[in-house]
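Let me begin by presenting the structure, written as structure tokens, before commenting on it.
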Amino acid sequence: MPIAPTISLHDIVQIGPELLLAVAGLLLLVAGAIGKGLEVRDATKVAGIALGLSTAVLLASRWSGGEAEPAPLFGGSLVLDGYAFFWQLLALASVALVVLMSSRDLDRIASRASEYYALLLIATAGAMLMVAALDLLTLWIALETMALSSYILAGIFTHERRSNEAAIKYFVLGALSSAILLYGISLLYGATGTLMLPGLAQAMPAALAKGSRIAPLGGLLVAAGLFFKIAAAPFHYWVPDVYVGAPTPITAFLAGASKLASFAVLGRVFLYAFGGVRVEWQPVVAGIAAASMIWGNLGALTQTNVKRLLAYSSIAHAGYLLIGILAASETGLWAAMFYAAAYAFMTIGAFSVVALLERGEYAGQSCSDYAGLGRRRPFLAASMLVFLIGLTGIPPTGGFFGKVFLFAAAVQAGWTWVAMVGVLTSAVSLYFYFRIVVYMYFTPAAEPDGRVAGEGGAPSFGIMAGIGLCAVVTLALGIFPGPLIAWVEQSLLALR
Amino acid sequence: MSFLAGFLQENGAALLFYLFAGLALAGAVGVVTFRSPMNGALSLLVTFLAVAALFLLRHAGFVGIVQIFVYGGGIMVLFLFVIMLVNLNRLEASERVWRQTPWALLLSLLFAGVVGVVARANWGQASAGSAERLRTLGGEVVGNPQALAGDLFRNYLLPFEIASLFLLVAMVGAVVLGRRE
Amino acid sequence: MNLPSGWSHWSVWSIGTEHYLGLSLLLFGIGLFGVINRRNLITILMSIELMLNAVNLNLVAFSYQRGDLTGQVFTVFTITVAAGEAAVGLGILLAMFRLRQTTRVDTASELEG
Amino acid sequence: MFDWVHGVPILSLICFLPLVGALVVIFALRDPATIRRFAFGVALVDFLLSVPLWFAFDRGGELFQFKEGADWIPSIGVRYELGIDGIALLLVLLTTLLGALAFLSSWSAIREREKEYYTFLLLLQTGMLGVFCALDFFLFYVFWEVMLVPMYFLIGIWGGPRRLYASIKFFLYTLVGSVLMLLGLLALYFWNGRGLFGWTGAGNPLSFSIEQFHRIGPSIPADLQLWIFLALFVGFAIKVPMFPFHTWLPDAHVEAPTAGSVILAGILLKMGTYGFVRFSLPILPDATRRLVPWMIGLSIIAILYGALCAMAQRDMKKLVAYSSVSHLGFVTLGIFALNGPGLSGGVLQMINHGLSTGALFLLIGVLYERRHTRLIADYGGLSAVMPRYATIFLIITLASIGVPALNGFVGEFTILIGAFAQSWAWAIAAMLGIVLGAAYMLWMFQRVFFGPVGHEENRKLPDLNRRELVYLLPIVLLCFWIGLYPKPFFRILEKPVAYLVERVAVPATEGR
Amino acid sequence: MRDLLWLVPLLPLLGALANGLLVGRRASEKTVSWIACGSSGAAALLGVGVIANYLRSGSPRPFALSLWEWMAPGVLPTARGPVNLSIGFGLLLDPLSVVMLFVVTFVGFWIHLYSVGYMAGEPGFRRYFTYLNLFLVAMLVLVLGDGYASMFLGWEGVGLCSYLVIGFYFDRESAADAGRKAFIVNRIGDFALLAGLFALAGRFGTLQFAELSSHIAASADALRAPYVLGLSLAGFVALCLFLGATGKSAQIPLYVWLPDAMAGPTPVSALIHAATMVTAGVYLVVRSNAIFQLAPEISALVAWVGAATALLAAGFALVQTDLKKVLAYSTISQLGYMFLAAGLGAYSAAIFHLATHAFFKALLFLAAGAVIHVLGGEQDLRRMGGLWRRLPTTARTFGVGALAIAGIFPFAGFWSKDAILSAAAASGTSGHWVLYAIGLLTAGLTSFYMFRAFALAFLGRFRGEANIEHHLHEAPWTMALPLAVLAAGAVAAGWLGIPEALGGEDRFGRFLEPVIARVASPKVPAEHMLSHAAEIGFMTLATIVAAIAILLALRIYRAGPERGEAIAKRFPRLHALLVHKAWVDEIYDATIVRGTWSLARLVSRFDAGAIDRGMVEGAGRLTVFSSWLSGLFDRHVIDGLVNFSGWLLDRFSRSLRRVQTGAVSNYAFALALSAFVLVCLYAVWR
């Protein structure tokens, strides 16, 4: 008997941006395999063009879509609602910034440039799909696609011990958490008989009302898997090691696109699928958020390696973002989205600076390597200053507004103690963020002429442009947050 | 004798389940206890095959076959290949993290135990199983593979496509990571 | 075949979802133990496969219990992903072996703190 | 003559002129001498721009004047809203004046990294002015926090030997305070809207408008008021600083460069007390009344404690820093006396303290520039070497210890009248601080200026030069003006103070 | 002419400004002295004119000149309802301020003139005259102020100028110390004074004398009602004001600053620490007499403190060897007299003595200054002697002053001292006979120490160094003229107040009458209840005591200090007590001063230690520690757990010797543990 397809061409067109990325990835692979392969510059260009095109298609399809909330695609596997659109665009933007900062590092693995970009693009496609996924299967497979790419990218410097170690750790722990997540999905499926998020949204309250314990158990295990992905404590053990070991652009990708896409999924699952049983999971999320903020910030306090410090900061920021989910309100969600956007630019900017200053596998990552940066490279130092101010949450940066709104949501929802933890830990965070500032501005450079030996020549235009862009966006979000807020407010999930 | 035959007839499925479950567990225990990776890989194969049989017992014929092909065939070959590639002679015995062993044991048991205890209360609350519907497509009984294909390509086409992307990544990854500079 | 409901109706000889669930939990636990306790990356990879198999058992059992094919479909994907993960994991292992002449993960503990 | 200021967005101009100046310094200027002159020019123009406010301000008119407004973040009701009342007007003038003088004082003191220095100083100026001009609580908060960064750098780069410690301590302290204040602010915001957890709100459209908060404030339930008050209190009290939140102050003061100390003592500390009169009192009258004994108690402790600490100091700057703790204790005492004399005295004392302590730091800076030490023991007999300097130092010292005919007296006198009207015991306890104040200030003065010239290096110290006179004399003149004829200041405070008293008025007691 | 009253303080102010700011450092002494003397002289002349004008108007009604509104800090809740507090700055001319105005400008001008000669050649000439003029301004504001606030401006102003001139020789550590001591001791008094003012303001909502007097008259009973500390409001205010007065007027317990204040130049001592400023306390009490009358218990306290101070200071003066210190204690003692009078309700007598004292004490100081000047700064009486011949003018004028202070008929002191002693005898205050006896004893002591000083300085032979003896010469006319004028005053000033008993009209008392409030008070009877005969009897008694004391002093000290020292040896304890001024300075130093300093150091250490390091850095350290802990968590705690398990297992099995670890395994363990904990927590919750 023939199988009637339920999928139209329309649906295929709708995932055009992701398809474009996948196709570009394939092209890169093919081109890389032919003859001597692609030059780094050319590969970068291809990746950039693919991202640009993808963005253009995404925007075009969004604007042509009109105001009405779009219907689910692929038989309910995918929905391109405003929420998905926001995160997809954010993922594209952060990956674009990652591409801008990549070219410098790629000199070390010139022969793998095309694979590198191909994997990056496919990971992006995975991230874009998972934020739009409407059933757990699609969500999980997209997540796995992104994760697998990340494992490889983290270890792509196969001849470098640190990169390899990062890959091992990330892979082992990632696979373990993935198994836990999967086990949770299987339990959820068993308890509710559905993998569709809308179905879960209806089934969960019913299951709980009937006294089901498998359903919440499955939900918890799913949450644990996602907490791992967003690097929330105490599922964060991989973060410092992997962030330090991975090539810096990939670290930026992990801290940016990967983390944020996972967060988007977490938001969709918790607020939409489990939205009806929020009282069940709110204490868990509160605990995780508080633990992340405390652990991340305290862990960063004694770090001297900037990359590692930023890794711990990334843990802390997972906690801040979780406040938005914890509040389970519109305010909380849009605050988290706003903060995620600001955070993406701040953290990728900061990692870009790290990428620019590091030398080889080990050198140039310590705080003391930033000594005198304010004089040596005023632009770089000033940009870093902006990022650090933003990460601390001081105006006039986007980070400030994000934190304010998140704490506001927590206060409004009655989670004042979490907000307290948040404000106090962000005050603590000042201490380590500004240690870098101290080195940049208050400590004279080690070398009398201000040039540090081996510090990588003239920086490429791309990375400088990326840093500048990040700084400008960070500031712009701090001075005129209105448009972004208006946008995210229209991109909210339908909360239950 | 007839008691035995009757018993077998009545409880054959159960006996088979216990047989394969035992095999699966034994294989699993072998994986985590054998010092030699080669022995571990062979025990893993036992588990794979036993699990495939357990699938069949639950009317998941297609999945069972896939399990045998992919796990028993592909993945196992991959493992063995790598084990040989990295030169078995030079490959150290797979030692344990001894200091962690009791804790790991405790944790694993507790994990399974607690989840089991928590879930226990719900066991059997769901409706009865039905093998029929696992063979039905559009109201017609067509057989498990066809029914599964119907479901897969109608409702889960997108994940299927993404899976292809996933496999591409896996392939590229294996190449990139395995390739000598 | 009516499934008994609750612990008191549990029967040794009528195999229900709970049997599969129990087996799967045991497999999952053993796999977890392997991941935690073994130092050879190959064994760790194999243990992860065990855990995924445990998940598959769950899915198939639930699929049968509910008379719903989705579980089986999911199992197909799980197997696929398991294969992919194995491939990449072994790739990483190869790279590791090339760098360190060993597959013991405890040799990769340079990054700490 | 000054009516034109009503036609232009004068407050925005005043607030953002330094910012524009900072941008120019960053991007357009290179030569240190040019930067110096330019930055001072900007500050001076800013001051000149703010002077017309004094004349154009309608003493009997609206509470808030020169209002400007524009939507900023419409979706959450944040508006860019500026406006000043009499209290803010005085503080704005103080800021622009002290700012300009601080710029001038840095000309010879700062000889490295001038570009950054003046950039930060100008940014700081914008932040402080914004705090005093903002009529939107959120905007206020943004300015409040923005200001931390330049101050941090001023201490951290151009400060003394323990600058790193001092700068991060300053930053951490104030940041902790302000983030807690933020929680209070948010509670107000939500109460104005739909409410927050236990409490049903007023149901108004979302807004951070200070005037709106003033309107709804008294109807906030008393227990919520208490919580909000405490949250705001931490923020303000750290800034003031009130005992026991004061320990950042001596470090920050001592390590900061002269201009930094001047601005820190002269203006930054006022933001805390300004916060009390702008927010705590009118918005949370019930909580204020309830906590008055605590606030007064802390004020008195601060007065005595600061004075006693000051007595034991060997470093001039540290001494003056602790004296600030004591003096600001008077300010908070006056504010929480909750009556006319107390409040207007408190506000006036904010100005007075800004002038006299600012001048003291300028003077110490002059000495430090010549001798590079601030230890009292390294001086002695300077009256003979630097008579002009000694004279001005004496006048400022007297102003600071509250000798009549100088500004300090007017403030302390009115504050104490107000405090005495509330409770004779409070006033008497606080007055002990006056005695101690005379003791430590005169002790310092004597050790520095009297006696034989003990150190050979001090024999050849040059007296004040013309530039130094230019930035010191205006303060001296103002001290005398406020000391002898403070009526214009009281006149300008009349309306806002009456408004505050009306908000928090306690029934008249039997004069105790 | 009266309308020019504002010019009286303004003229010296202009002089001070001119000298201080305008003339510049190279101005000649001549210019400076012309400006200073000119402005003070003009002020004195103008003052006389104003006074004449006021007297001629014939009306006792005070003439008020409101200059500007000083402080208007808003509405104050007072006992009579909310009052829009307005504190004005203005001048007031009434009989009391007329007396004070005259004394201040008159004595002030002559001391200016005297200083021209005395200070010639000093390096701080210009500074000196600036301070002197400033002092005159402040003192004029003090006595002319139309309210407590204006008065307080002058009050603090004179304190400040006193500080400046005491520390005039600032390169001497002792002078600087003395200046600071004066200022701070005065501050302690001011502290109390301010409290009194605040109580008044809190009760009536005003500080203007005119308004206050009407309010007080209207609400006498309310003022007597209990207020705080067991006192009535009037008692509280009176106590506060009196404490303020003890500071400025060097009474027990705050007199310690005055002897040290002699570190300043002598003319300054004459002007500030004898004739004018120190009398401000008396002026304050008399000015506030309405309140004191309502607080009889405080009035009695005033009287007793005054008497005690008078006696004690006279005792100290007996043994001083420093000429200026003798005069300083004499001043304290005489001020005690004035307070005695004021406390007994004899306000006009107090002011009368104040006025006469201003003349003769200024005279004594100036004469002493002339001696010291001539001797090149020598102040020790033991190194003087025999100057009667060498310095005839100085010696004779000093003698006049000494006779005046001793209260010998008909010198000025006789009349004023008599008024006080009569008041004491006639007073209704309990124990007034004791007060009288103290007064009489003090009079005797006064005569004794004064003539002791006279004898030691002017009689006998010169005991100083020979080379000084050759250069002894009489003072220049600028110094001699003031001496002569003041001597005339010391003789004649008392004649203004010849009591009715001796056929006079007590014009002085009559003149002051409008200032003395008539608050009905059962305990304070009207003055002068003694019969004329009794009064004459008391006068005679006092004169006899004084005369005997004079003769005794001359007998003992005519030849030199030796006989006196011999007598002192016979009373070693008493002598030590007096020489060491009853160790009051030492006691204050040991308790209050050191106590405060120790407290300050303690607090400072507490601040640096407990508050800062303890609380803040403790929190900081806790943070760092917990960060270290959490940093270690990844590294050590998990491992520690593992170690612990290893240790545990070691007890069971020796086979587990090989202890190894792998980081990824640990992470995986922790990850699984976290998930497990989540599950467990959930299982517990449900």
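Just so it is clear, A, B, C, D and E label the chains in written order, and each chain counts residues from 1 on its own.
Note that contacts are C-beta pairs under 8 Å (C-beta built on N, C-alpha and C of every residue); 3 or more make two chains touch, one makes a residue touch a chain.
This one's a predicted model, so the numbers in the text were calculated from it and none came from an experiment.
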**Item:** Any chain that touches subunit E and subunit D
**Value:** A
**Prompt:** What is the graph distance from subunit C to subunit D, where chains are linked when they touch?
**Reply:** 2
**Message:** Farthest chain from subunit A, going by mean C-alpha coordinates, please.
**Reply:** E
**Request:** Could you tell me which chain's Cα centre is nearest to the average position of every protein Cα atom shown?
**Result:** D
**Message:** As a test of understanding: of all chains, whose mean C-alpha position lies farthest from that of subunit B?
**Reply:** E
**Prompt:** Taking each chain's centre as the mean position of its Cα atoms, how many Å separate subunit B from subunit C?
**Reply:** 7
**Prompt:** Once you find the CA centre of subunit A and the CA centre of subunit C, what distance in Å lies between them?
**Reply:** 27
**Inter-centroid spacing, subunit E versus subunit C (mean Cα positions, whole Å)** = 94
**Request:** Find the geometric centre of each of subunit B and subunit E from their Cα atoms only, then give the gap between the two centres in Å, rounded to an integer.
**Result:** 101
**Message:** Residues of subunit D that contact two or more other chains, please.
**Reply:** none
**Request:** Please set out, as single numbers or ranges, the residues of subunit C touching at least two other chains.
**Result:** 17, 21, 28, 31-32, 35-39, 44-45, 61, 65-66, 68, 70, 73, 77, 81, 84-85, 88, 91-92, 95, 98, 104-106, 108-109, 112-113
**Prompt:** Using the touch rule from the top of the page, what residues of subunit B touch 2 or more other chains?
**Reply:** 95, 97, 100, 104, 107-108, 111, 115, 118-119, 121, 125-126, 155-156, 159, 163, 166, 169-170, 173, 175-177
**Prompt:** Touching pairs of chains, which are they?
**Reply:** A-B, A-C, A-D, A-E, B-C, B-E, C-E, D-E
**Asked** Which of the residues in subunit D come into contact with subunit A in the complex?
**Response** 71-76, 113, 116, 141-142, 145-146, 148-149, 152-153, 156-157, 163-164, 167-168, 171-172, 175-176, 179-180, 182-183, 186-187, 189-190, 196-198
**Contacting residues of subunit B [partner subunit E, same complex]** = 95, 97-100, 102-104, 107-108, 110-111, 114-115, 117-118
**Asked** Touching subunit B in the complex: which residues of subunit A?
**Response** 1, 3-7, 15, 22, 25-26, 29, 73-78, 111-112, 115, 118-119, 122-123, 125-126, 129, 135, 137-138, 141-142, 144-145, 148-149, 151-152, 155-156, 158-159, 167, 187, 190-191, 210-214, 217
**Message:** Per the contact definition, I'd like the list of subunit A residues that touch subunit D in the complex.
**Reply:** 374-375, 389, 392, 394-396, 400-401, 404-405, 407-408, 411-414, 416, 419-420, 423-424, 426-428, 430-431, 434, 437-438, 441-442, 480-482, 485-486, 489
**Prompt:** In the complex formed with subunit A, which residues of subunit E make contact?
**Reply:** 623-624, 626-631, 634, 663-664, 666-668, 670-672, 674-675, 677-679, 681-682, 685-686
